[in-house]
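In the two complexes below, subunit A is the common chain; its partner is subunit B in one and subunit C in the other.
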Partner chain A sequence: MSGSCVPFQVGDLVKVTQMFPLGHNRTPRYIMGHTGEICQVVGEFANPEELAYGRKGFPKKMLYRVRFDQASIWPEYGGAPQDKLEIELYQHWLAPASNRGVKT
Partner chain B sequence: MSIDHGHVHNHGPAAKDHDDSLTYWRAMEIALRELLIEKRIFSADAVRSAVEAMDSRTPENGARLVARAWIDPGFKARLLADGSTAAQEMGFEVGTLKLMVIENTSSVHNLVVCTLCSCYPRMLIGLPPTWYKSPAYRKRAVREPRAVLREFGTVIPDNVEVRVHDSTADLRYMILPLRPSGTEGWTEEQLVPLVTRDSLIGVTAARMPARS
Partner chain C sequence: MQQPPLKPHDMGGLPAGEVDRSEKEHVLWEKRVDAMMMLLQRPGIGLLTTDELRKNIEALGPEAYSAMSYYERWVAAIANTLLERGVITSEELGRRIEDVKKREEILP
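Here is the complex of A and B:
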């Protein structure tokens, strides 16, 4: 399943799509399948998955900063319960989510 | 005098040169560079001056932004809203990448890592330290940030949130550390040396002022 085309807003819950396209991408595996909250709509940027192969990067992709609870990413997380991780993710890697919760 | 210069000890093997291994990527870089120079796409002098420009960027550039933000609330607001424009306002040319400045507060301590490679605000503060590029830092900073911070001598109390920023895409992150106590009334010039490279990455706090 690929991500959503509908723009997200700050506060929206999103789930990072698990997909393993061949070639370059900027979504680390550790975050795939996890649900977080949009904390910033950064703007549109040339798609790095196209740029990496000398193409123009069009269509541009909306980039978001997404916030996750550390404890939801790492089952063995040893820090404080309020610790967070923020990461930049592109539109096509995100799907709407209705609730937080563990990776499915 | 004998050939062992008159005393007995063991010098051990000579230290290894840093550039003694012609790796695949190093050979590729040299081949590509020489080819492009030969084809007059750019000159050797242009390569040299690009390296020189990179080397001239130092963490002090970031320290200047931080010191200004500490004494000027208006500048601080602009720096947090749009790091690139605020940097340009102070005369720094930061190119097209977006500089994102994240503020440490009494309730949130921030830390920067690039798990995928070594994204870093090079356009402002130059090249990252070697440890920043190491697989160990890149893996551990996201999954056990408090343990990594402790190794830098930075102990964050449990009631303070640790927030890790994984720099995966088009933003380049710099931390605005907390202003150290005991610096009330200090000038910008006095504050600049308190802001270290590591405090801009978030692995340490800013330096405390020396006791007089």
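Here is the complex of A and C:
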């Protein structure tokens, strides 16, 4: 599923899109395909994927802080089961998700 | 899903070994690179964005990425950004580097 254009709200579940375009982006590989929960709407920012090529970065993109269960990201995670990872991701890398689940 | 190889900067989750927590003193040229970066980004100058710097660091390729130090990567990426933007030409950069080399040969 491609990235959503409808803004997310705190508490929404989202799945990080798996895509591997050329160019510059800020979505690390380790988080792709995982489902997390929006914990903060950070705001709109010029798109770094455009700024990287000397352009203005418009239209701006909404940035979210998304919270994931550490244990769901790392197969051999040795920490506490309640440990979380928070990462900032842009709107167009996120799709609505209905339930937490393992990476698909 | 078939995935392309990781780019060298995209190292989240890879084994890292021991983390070196020792403080390092920056040498003069590193401070100059830092200052140049700040000046180029400054509003009113605006000849470079952090995003261009990152993109050009990522574009160095895996070998250069691992062989170069932090500020070596910065200075290479700054140079490439200024070339892309037409602020400097390759010829100007090449001649300048040769001039500096000669200057160092003269100095004791």
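Heads up, the rule we're going with is that the second predicted complex is superposed on the first by the 103 of 104 C-alpha atoms of A that agree within 3 Å, B and C clash if a C-alpha of one lies under 4 Å from a C-alpha of the other, contacts with A are read in each partner's own complex, and residues count from 1 in each chain.
Everything below uses one rule, namely that a contact is a pair of C-beta atoms (placed from the backbone, for glycine too) under 8 Å apart; a residue touches a chain by one contact, two chains touch by 3 or more.
Remember, it's a predicted structure, so these values are computed and weren't measured experimentally.
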First (subunit B), second (subunit C), both or neither touched by A:P48: both
Broader residue contact with subunit A after superposition on the shared chain, subunit B or subunit C: B
First, second, both or neither for A:Y30, with subunit B first and subunit C second: both
Which of subunit B and subunit C A:F20 touches, first, second, both or neither: second
Residues of subunit A contacting subunit B in one complex and subunit C in the other: 28, 30-31, 48, 73-74
Residues of subunit C defined as touching subunit A within the complex: 1, 3-4, 6, 10, 12-13, 49-52, 54-55, 58, 81, 84-85
Subunit A - residues contacting subunit B, complex: 26-28, 30-31, 42, 45, 48, 63, 65, 70, 73-74, 77-80, 82-90
Subunit B to subunit A touching residues, read off their complex: 98, 115-116, 142-147, 158-171
Interface residues, subunit A side, partner subunit C - complex: 18, 20, 23-24, 28-31, 48, 51-54, 57, 73-74
